[in-house]
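So, here come the structures, one by one.
The two complexes that follow have chain A in common; it is paired with chain B in the first and with chain C in the second.
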Partner chain A sequence: MNSSSSGNVGIVIVSHSPKIAEGAADMVRQMVGNAVPLAWTGGDIDGGLGTNVAGILEAIETAWSPAGVAVLVDLGGAETNSEMAVEMLPEDRRARVVVCNAPVVEGAVIAATESSGGSPLAAVKRSAEEFYA
Partner chain B sequence: MSLDRVAREKLVRALAESVIQHADELTSLDQAIGDGDHGLNMKRGFEAVLATLPGLADKSLPEMLKAIGMTLVMKVGGASGPLVGTFFMELGKALPEQSIRADLVAATAKAIDAVKARGRSEAGQKTLVDVLVPVQVVLAGGGDANAIAAEAAQAADRTTPMLAIRGRASFLGERSIGHMDPGSRSASLLIGAAVEVLEFEANS
Partner chain C sequence: MHDAHASRPGETPVPLTASAVLVNKVGLHARPSIKLTQCAKGFTAKIELALAADGPWTDAKSPVKVMRVKAPQGATLHFRVAGPDGKAALAAVLALVHDGFGEV
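After this line comes the complex of A and B, so read on.
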């Protein structure tokens, strides 16, 4: 992550499958290069399918940007764990992280594309959510 | 309700054993209508809680409950980690150091509201809320340990004919009908274990 990307909204990809999360991140990188801070996490703490709060917190830290972070999630527990992680952030960061209601792969690519143009967090979230709505 | 250190450790062990001993049953319930990881996830979480003993029981009851909740949030995974973890954390936040039954009634109501908010769920959607809500009513109404444990077991049974509206089971639509909700079963196990210890302490 270079300093030129630090102004753009960060993207975090959370999937039950680390392979899906990593693959979605690869697609984002191909689309937008290094223009946005990006991190992915997937799997439970034993390496099985699932999601975990610690991994999500770490990914948010990695993709942190002063413009905020948009989190893309797959099924149920990924969303619940992501919301839990957001609540556990320091108060000054909490309001600058949003969990998007969008398909994880498509949403990540669209959110990252929007972010790469310098859009604010609300616009990044809206683009991801509206595309497939 | 003031639990001494020995009683607090006993409570933690009873809670943990209730889910660890039923891990296979929880998994098979979850295989029917979920993703089959509930037993394993809950077992991992409560093994992690056990690993924080004996220090865990040195804390006051509210602090101990908060610590259990945090461990569950971090270790269980799935949607159950945040849901069950939130219950314990909020219960700990709401309970005073020295609590009477009325405090427990008020604190459980707050903790249930927090679980509902976390899962954006209400009673009737085939989730652990369907056990927590009626059990809290019995608690508030002055029911004894047997009445509370019986309501918990019956409430879990009552999720069997329900249609799942929240969680992975909701993907199955009407095929979720006819299977007990695994989260309701684990909640009833935990409640049964808790009231057994609390009743014993109250009478001893």
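After this line comes the complex of A and C, so read on.
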């Protein structure tokens, strides 16, 4: 799933369940629109529940924007694998990818809303994390 | 300091206020909240909303805060706007509310 429109911050959704990841991405598209680069990934490499670093790297690539990428994750492994994926990025991109401390579905919608208004990466992250504030 | 602010050319000296009744069925839930914040973000003016004329005021550019207002259908939304493009901002958010966020 991809739309590389403009210089808005990209959004990546990482869930243990591909259905949740895809569904959350559907919500972003329907509620926020197409002004934000968006990608999702979910499931382990055998198709079971889980996450995998390669899939996350691919999603970051798909949603890449010069303004950076905000990653929304669900539980445990989704977060650690996302952090691992960020570490594996080329150095010039690493600093422009953040993993948000926010609920995956709500955070994705809010992060995308913030991004769609042209906000910088820090503001996108802050807005998504308002859910836990 | 207050005088300096008020005399800045092009700046709205005092906040503009207006209100509109929420007509769409679901009130200010997720989708309308997002439309409202997206609209508000298009302006540099500070835009706030409240359920009463004397507040408490909520930043209309924050989708999380706008959703937390949980304004139901029939509620009167009060807006307070301050900034150089305040007039246009106020007109835009009011139009959105009047149109039921395109849901009616």
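Criterion: the second predicted complex is superposed on the first by the 128 of 133 C-alpha atoms of A that agree within 3 Å, B and C clash if a C-alpha of one lies under 4 Å from a C-alpha of the other, contacts with A are read in each partner's own complex, and residues count from 1 in each chain.
The definition used in the following text is that a contact is a pair of C-beta atoms (placed from the backbone, for glycine too) under 8 Å apart; a residue touches a chain by one contact, two chains touch by 3 or more.
Just so it is clear, the model here is predicted, and its values are computed rather than measured.
Aligning the shared chain A places chain B and chain C next to each other free of steric conflict.
Centres of mass aside, this uses C-alpha centres: at chain A, the angle toward chain B and chain C in the superposed model is 140 degrees, to the nearest 10.
By the touch criterion defined above, A:84 reaches chain B but does not reach chain C.
Contacts of A:95 after superposition on the shared chain: neither chain B nor chain C is touched. Once the two complexes are laid over each other on the shared chain, residue contacts for A:122 go to neither chain B nor chain C. With both structures placed on the common chain, the touch criterion links A:75 to chain B but leaves chain C unconnected.
The wider contact with chain A, measured as residues touched, comes from B rather than the other of chain B and chain C. In the superposition on chain A, contact is made by A:49 with chain B only, not with chain C. With chain A fitted onto itself, chain B and chain C come no nearer than 26 Å, counting C-alpha atoms only.
Looking at chain A, you'll find no residue that touches chain B in one structure and chain C in the other.
Touching chain A in their complex are the following residues of chain B: 35, 37, 40-41, 44, 73-75, 77-83, 85-86, 118-119, 167-168.
Taken in their complex, chain A has these residues touching chain B: 44-46, 48-54, 75-77, 79-81, 83-84, 88.
Residues 31-32, 109-110, 113-114, 116-119, 127, 130-131 of chain A touch chain C in their complex. Those residues of chain C that touch chain A in the complex are listed here as 30-31, 34, 37-38, 41-42, 61-65.
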